[in-house]
Amino acid sequence: MGTDGYTPSELMTVMAARELRDGEVVFVGIGLPNLACNLARATHAPGLTLIYESGAVGATPSRLPVSIGDPCLVTGALMVVSIADVFQYFLQNGLIEVGFLGGAQIDQYGNINTTTIGSYSHPTVRLPGSGGAAEIATHAHRTLVMSRLSKRAFPATVDFHTSPGHRYQGRSRAELGMPGAGPVKVITDKALLAANTTTGELELDAVYPNVKPDEVQQQVGWELEVRNPLNQTEPPTSDELRILRDILDPNKIYLEA
Amino acid sequence: MGTDGYTPSELMTVMAARELRDGEVVFVGIGLPNLACNLARATHAPGLTLIYESGAVGATPSRLPVSIGDPCLVTGALMVVSIADVFQYFLQNGLIEVGFLGGAQIDQYGNINTTTIGSYSHPTVRLPGSGGAAEIATHAHRTLVMSRLSKRAFPATVDFHTSPGHRYQGRSRAELGMPGAGPVKVITDKALLAANTTTGELELDAVYPNVKPDEVQQQVGWELEVRNPLNQTEPPTSDELRILRDILDPNKIYLEA
Amino acid sequence: MSKVLPMRDAIATYVNDGDTVMIEGFTHLICFAAGHEIIRQGRKDLTLCRLTPDVVYDQMIAAGCARKLIFSWAGNPGAGSLHAFRRAVERVQGERLEIDEYSHFGMVVRIAAGAAHVPFGILRNYMGTDLPNVSSNIRRITCPFTGEQLAAVPALEPDVTIVHAQRADAKGNTQIWGLTGVQKEAAFAAKRVIVVVEQVVDEVIIRSDPNRTIIPGMIVDAVVAEPWGAHPSYVQGYYDRDNDFYLAWEGISRDPGRLQAYLDEWVFGVPDRKTYMARQPDLTDRLRSTSAVCEGVNYGY
Amino acid sequence: MSKVLPMRDAIATYVNDGDTVMIEGFTHLICFAAGHEIIRQGRKDLTLCRLTPDVVYDQMIAAGCARKLIFSWAGNPGAGSLHAFRRAVERVQGERLEIDEYSHFGMVVRIAAGAAHVPFGILRNYMGTDLPNVSSNIRRITCPFTGEQLAAVPALEPDVTIVHAQRADAKGNTQIWGLTGVQKEAAFAAKRVIVVVEQVVDEVIIRSDPNRTIIPGMIVDAVVAEPWGAHPSYVQGYYDRDNDFYLAWEGISRDPGRLQAYLDEWVFGVPDRKTYMARQPDLTDRLRSTSAVCEGVNYGY
């Protein structure tokens, strides 16, 4: 736990939850995104519909799911569909309003790498690959990325473009024919980055309590545009922290650090 | 009822049933094809799997179905699938061994018309259209056609090619890339016609008891090749007739005439 | 936020003149109640689509609702023809009903492409038939891997799809068993969806068996509770198909005068499905389903 | 004609060296028992395919069964990496495991195209990613109606698909509830199908609820009755996922010596799944599902 009375994970989860609007249809990932969605449901957005890429629609997990296909996502769900339906009839059909992604690397234009560090044919580190990320970043109306700041995680250019950001080989999403808005916001442990709607560049949109813009810049591999005015986020409320700690992740599986 | 102690419908049904081999997967139509399949199941082919285009797989109808989507086809079926699955995962995937078709017109090459009499844009008679017939005639390993003989029903060339036979604009099925063998046999009320495997022409393969080849030729609009030797079919057995009359269609809905 | 509406309001709100309308149902689950309400409200210039336009589309064509029909089999199975449809297509004088025609497989692929929101779908079909000669919507496409030629058809995305089902919750999460036809694809392909059900049930019922849900509430605009709304079509587990009516339709539709009299009595002459049923009190006993209830399965973990 | 075989015979008969093998399962219904038997029988040069190769594929790679992997996400979700996979791909000396890589959507479309037996499938994807640069199997195709560019991927038709399920009859008519993943498409796409089930049931059970049938017996070659055959994966209504084991795998697979010791003890050291379970007598009580049985529905008419 930090000196502020909450961990970076708790802080990121609260910030992510606040990005969600009531009634939205959200493609949920396991870990912090799942906690963020369920925190939003328990606070300002009771009407969220959670869809897990495993095929559970309208899940209301009665325990903390530890995998994307956890059986608790099925019991009491509104609908269970095949993976083909998930990607064709929900995602490609434009029904998913918000997608959550993470990544080993996120670059200046919001491109995400979850494939390889180093070259593709001779990788230093082989990462898991796209999973559903490439299509989520393409089709979700908007994508939220969650990642802790570090120079390694935020290079100017990713080693491999797994999931599309806002610019690829000099071309914009519109030029490439992508339906969704892509990674419009990156929720880090210190600040929120947001994509410039014209240039597609990730800029410093808001800092968390007691964070200075310089601290953010030091952990990002490109010259970070600072928005003016620069937003200041409100700290987590005691209510948000109570729900996270007492109800959603009481064993601190995801929220410890 | 004819002088032979059975109706033409009964005769055709018996002849169709005998074309089926035990263990085959059959795409069943309503009416005589359904009766033929269930007669075969009750006699020499208990291991037939019946698939109805409505999506009932392994149906064992406990009453006479009066529509292709009769609820009695669902109750006690092995599987119910969507229409998309019927055509994509079963038919196009090559799982259907026998398909049954009928038609207003069948021509020299086994082409079938169920679309229009007269021109397409200004039809004298508008028929229902293809339904699943075009794809059944394309994909089923072999297709059996059931139709009563008449000059009107057996022209040299159909007014509209709804379902493919053995030759279209001078090209063979192999040249056109069709996976199935097409309408290999036509079961009429007087005789069996069979397609020549080289020319694709329908030829007189067998006559029913007491039918002379001339009687067949008189009701067919092209010069009918007569096979040598010409087969003679065995008349319906009392067992076949009993099952049809007492069990399968006791109210003579399909077998009266 | 309940989406439950009376049929009248659902049709008035979500079906407009000129719309492309799909009332799907493959023998099973054909929503006659919605078709009748569309006729009563005098909708015009509709493009009707369905694999198997049957009696309800014949009625809608007779009533002057339709400008165009997109279909693959237009008949009254086992009973005869759709004579209003035939008159509209065969007529020598006056404006014919416009038609756009496929086989079942082609229609299914069009609707599935609409549901997946891609501009076209592919199938291995239409070699050796005249169908591509009479439609500009059946084209050839070459496989970029093998060089094979296949058929392509364009996505079909109706303005509104109307689906009958056994049950749904008030938000439109809809469950179907028995023949599912193309109900799922038709709903996902549409801009607007009306679900008509035998029973509106509590969300808890839906959530107790999520694998039976065919249509998610998020794509549904209105839920109409309309018991017997599919008659003379059927609903597995609720009521049987009224084959007598289908047989009778041959005679009714063959005669324009009798057809009009039918519409006057059974469509314009009743305000809603409830009255339609009340006028045929013997129907329910004759057609109500027998019981063949399956065992449940365990969703525990 | 029962198709029921012991696992040993099913693998011996239907899985050959050099085959393309798909043991599908998206978290749910991953057939570890079949993977272990393939390892025991020393199969080689397999092309393993699956959206989410997880621990069982890591074990098969470690045991030397695989020549190539076709996949879209290779990790141990929430727990770490598949270290045998990583070693096989990251190695600087010696022959690397060949990989052919997509996103989930691309894999799904490949398998669905195989099930429908068309040579390719289409999706709107892969603009702005490097995936098409490293695979010759992601190509562009132009819509013949709108001129739009889409991605195309080739059909995937495995030699053999192995699917775990809750229950089947002796002829292979198979029912699944809970997450269905791509089990249906994987089975229809394959030349041969082995179904592994918690329970072989009488055909009457299958026929009582035909909408739950996902795989028809006509495409099934062998049915294996193997209770707990998916552990440490799970089977809805039968047993929970063994998350402790998935977490432990991170440590085991990171160390080639420990991994080999694991295979020696739990794969080569047991003749079958029954013995595997008997050696962990506490498992069944810890993981057996609670009860959440839904109501049945009426299939009457």
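First chain written, first letter: the chains are A, B, C and D, and each begins at residue 1.
Following the convention adopted for this analysis, a residue touches a chain if its C-beta (ideal position, glycine included) is under 8 Å from a C-beta of that chain, and two chains touch if they have at least 3 such contacts.
All values derive from a computational prediction rather than experimental measurement.
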item	value
Pair with more cross-chain C-beta pairs in contact, given B-D and B-C	B-C
From chain D, the most remote chain by mean C-alpha position	B
Interchain centroid distance [CA atoms averaged], chain A/chain C, Å	40
Intercentroid distance (Cα basis), chain C paired with chain B, Å	28
Inter-centroid spacing, chain B versus chain A (mean Cα positions, whole Å)	58
Two or more partner chains touched - positions in chain C	117-118, 123-124, 148, 177-178, 180, 184-185, 208, 211, 234, 236, 240, 289, 292, 299-301
For chain A, residues that touch 2 or more chains besides their own	56, 71, 74-76, 80, 88, 92
Pairwise chain contacts under the document criterion	A-C, A-D, B-C, B-D, C-D
Chain B partner contacts - residues on chain C that touch it in the complex	26-28, 51-52, 71-75, 77-78, 81, 85-86, 89-90, 92, 101-105, 108-109, 112, 123-131, 134, 148-149, 177-182, 184-185, 234, 236, 240-241, 243, 246, 289, 292
Residues of chain C defined as touching chain A within the complex	1, 115-118, 173, 184-185, 188, 203, 206-208, 210-211, 213, 216-219, 299-301
Residues on chain A engaged by chain D in the complex (per definition of touch)	30-31, 53-56, 66-71, 74-76, 80-84, 87-88, 91-92, 111, 115, 120-135, 138-139, 160-165, 168, 171, 173, 176-179
Partner chain D, residues of chain B touching it in the complex	25, 47, 49, 56-58, 60, 71-72, 74-80, 88-89, 92-95
List of chain C residues in touch with chain D within their complex	117-124, 137, 139-141, 143-146, 148, 150, 152, 154, 166, 177-178, 180, 205, 208-209, 211-212, 234, 236-238, 240, 289-301
